[in-house]
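Here come two complexes built around subunit A, the first alongside subunit B, the second alongside subunit C.
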Partner chain A sequence: MKIVGVCACTVGIAHTYIAQEKLEKAAEKLGYDIHLETQGTIGTENPLTQEEIDSADIAILAIDVKIKGMERFQNITKLTVPTDIAIKSPTKLIEKSVEVAKSRMSGTKA
Partner chain B sequence: MKSFVKSLRLKNHLLTAISFLIPVVCGAGFMIAIGLAMGGNSSADLTKSFTFWDALAKLGGTGLGMLPMIISTGIAFSIADKPGIAPGLVVGLAAEAIGAGFIGGLIGGYMAGWLVLATIKYVKLPSWANGLMPMLIVPFIASFIGSIIMVYVIGSPIGWLTAGLTHYLSTLNGTSKLFYGLMIGVLASVDYGGPINKTVFAFVLTMQASGVNEPITALILVNMATPLGFTAAYFFGKMFRKTIYTKVEVETIKTAFPMGIFEIVEGVLPIVLNDIVRCVVATGIGGAVGGAISMYFSANSKVPFGGLLAIPTMTRPIGFIIGLVANVIVTGLALALLKKRVTAEDEEKEDTATEADLNMDDIQIS
Partner chain C sequence: MDVKSSINPKTIVVNSNAQSKDEVLKEIVHYLYEAGNVNDESEFLKAVYKRESQGVTGIGNGVAIPHGQSSSVIDPGVAIVTLKHPIAWESLDDQKIKIVVLFAVSDNSEGAKLHLQLLAQFAKKLGNDDVLESLKSAEDVQEITEAFE
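Moving on, here comes the complex of A and B:
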């Protein structure tokens, strides 16, 4: 299972990076591969390429604000949440996203 | 109806605009704060003779004067992407020109953004004229209709509303001041720079733009006192012989403290997240005290941001300092008393917080 995503909060100095860290830890604990891009006030860090997004199974957008490069996520199933959901319930969010990804996959096969 | 309101994503657009606004408030706010603190005059005429500090104060003030346009442009951009920028700016300027100020800019931004979307959707041109769409039709129609509505329809009522509110707030007596200060204090201190704090910020900034400085001063105070209170709690903990922070958390305090001096709350977030309920209760009580005292003594920062640097711009700094000290002590004591003693087990466990349940309303799957 490969997860990609973006974190971006209003001020772009704290929630963004905490959400990133929490989601990464939670994914690691559950044994999933995750790559998160952050769009803070300082700019985009840890950027995602189109190839990475296309090869992923699901995207998590933990965002409070409009993000750059939304068009990259056109062809992937996305879970969009406020950053504080990712911060307060990272494991449950990852589990949910995996559940959605699996149901979509079986849906397309059937 | 509820899902229609939700589909407008009003809050999301406002937060995006605030994310553009805050660096301007910080940059220009620090400039005017330093300028005024060093004796500069923010209404100096830079085509005549002026000092360095006059220039600093004047430029900072000019930057802050752009806030109605920035909020409007930010909202329109959030709604309509790049085509939203030009109409957002023009309608924001219209709001400023008609005296509708920050609230006008806010409403104008939504209007400009939606007008752009509507123009793109409903105006159909023959294919030979398609090139005119982005260059001429969209910016012209959206700016034109938006500014006309702002100037002839909604601008003046918003201006009256703002003036009425300003008058009401500036004639508050002691008890209602306490009440408003308490409200601002609690709301500003319970989510550590999150959406509630920023919404309060947008509101008090509106007040300051119309000349009422007290509400924003209460917010500055609480935003400073929250991280400083966490620092104070460390020392109160020592006094009570109670270790309330893990080693990692103590390291966090070391960066949160200087950030707090300059009114950045977010530094304490990692600590808060390990123990949300107790921290929110403690900072909420402290914020209520600080906000109420600041409003009661009418502490009045002339700048919207700056932390310690805002103090020299006040004509009644004493109220601010009393409120700040009280807020720091109350928050610190409350934290030291409420927080559990750190055990060896906690030191090893990185994440002690239990996860909240997911609310499916917050998750949008697409």
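Moving on, here comes the complex of A and C:
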């Protein structure tokens, strides 16, 4: 299972990076591969390439504002939530995204 | 420069007696003023309340991370205050707040990029439950800075 995503909050200084850390830690614990891009006051860090997004199973957009490069996620199943959700229940959010990804996969097979 | 060195001991206070959100915010803003991070306390406080009006800054686990972006910030920085008595604060898990970490960010983000990068790394650490636990049990300024090692 490979997860990609973006974190971005209103001011771009605190919630963005806390959400990133929480989701990374939660995914790691559950044994999933995760790559999160952050878009904050300092700009984009840890950027995702189109190839990475295309090869992932699901995208989590933990965002409170419009993000740059939204078009990259056109062809992937995505969950969009406020950063608060990622900070409050990171494990639940990862589990939910995996569930969605799995149901999509079995859906395409059938 | 690492995350730990971005913390100024002058803007860390352990066991503040503040009794309310208003009181602790005023207290912290004053520390940032005295440390030379902010040149206008009331302007900066306004920016902090503007951010408060946009959403909850209590991130759960007894920790709040208010922040303000304002031209009154001449040197971006962070202040950390632990509270003797937990106070009411809008929070994701409705717990009272024991630790307040206030970020001061300048309007001119280009000129302060390195500093803001450090603050971002600092914020990332606050997403780590182990760091929060060490912060909560810290008894002095040194133990607070060590939590970020």
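As a working rule, the second predicted complex is superposed on the first by the 110 of 110 C-alpha atoms of A that agree within 3 Å, B and C clash if a C-alpha of one lies under 4 Å from a C-alpha of the other, contacts with A are read in each partner's own complex, and residues count from 1 in each chain.
Heads up, the rule we're going with is that a contact is a pair of C-beta atoms (placed from the backbone, for glycine too) under 8 Å apart; a residue touches a chain by one contact, two chains touch by 3 or more.
Remember, predicted model here, so these are calculated numbers, not experimental data.
**Q** I'd like to know which partner A:Gln20 touches here: subunit B for first, subunit C for second, both or neither.
**A** In the superposition, A:Gln20 touches subunit C alone.
**Q** With the two structures laid over each other on chain A, which partner does A:Gly5 touch: subunit B (first), subunit C (second), both, or neither?
**A** neither
**Q** Is subunit A touched at more residues by subunit B or by subunit C?
**A** Here the partner covering more residues of subunit A is B.
**Q** On the A-aligned overlay, A:Lys78 touches which partner chain: subunit B = first, subunit C = second, or both, or neither?
**A** After superposition on chain A, A:Lys78 lies in contact with subunit B alone.
**Q** In the overlaid three-chain picture, which partner chain does A:Ile42 touch, first (subunit B) or second (subunit C), both, or neither?
**A** Only subunit C; A:Ile42 stays clear of subunit B.
**Q** Looking at the overlay, does A:Ile87 come into contact with subunit B only (first), subunit C only (second), both, or neither?
**A** A:Ile87 contacts both subunit B and subunit C.
**Q** Which partner does A:Asp64 contact after superposing on A: first (subunit B), second (subunit C), both, neither?
**A** After superposition on chain A, A:Asp64 lies in contact with both partners, subunit B and subunit C.
**Q** Do subunit B and subunit C land on any of the same subunit A residues, and which?
**A** Touching subunit B in the first complex and subunit C in the second, residues 10-11, 13-15, 18, 25, 41, 64, 84, 87-88 of subunit A appear in both lists.
**Q** Report the residues of subunit A in contact with subunit B in the complex, numbered from low to high.
**A** The contact residues of subunit A facing subunit B are 9-15, 18, 25, 41, 64-66, 77-82, 84-85, 87-93, 96, 100.
**Q** Spell out the part of subunit C that touches subunit A in their complex, as residue ranges.
**A** These residues of subunit C touch subunit A: 51, 54-57, 59-60, 65, 67, 69, 92-93, 103, 105, 109, 113, 116-117, 119-121, 123-129.
**Q** Touching subunit A in the complex: which residues of subunit B?
**A** Residues 12-13, 15-16, 18-19, 22-23, 77-78, 192-195, 198, 264, 266-267, 269-270, 273, 276, 350-351, 353, 355-359, 362-366 of subunit B touch subunit A in their complex.
**Q** Can you name the residues of subunit A that touch subunit C in the complex?
**A** 10-11, 13-22, 25, 38, 40-42, 45, 64, 84, 87-88
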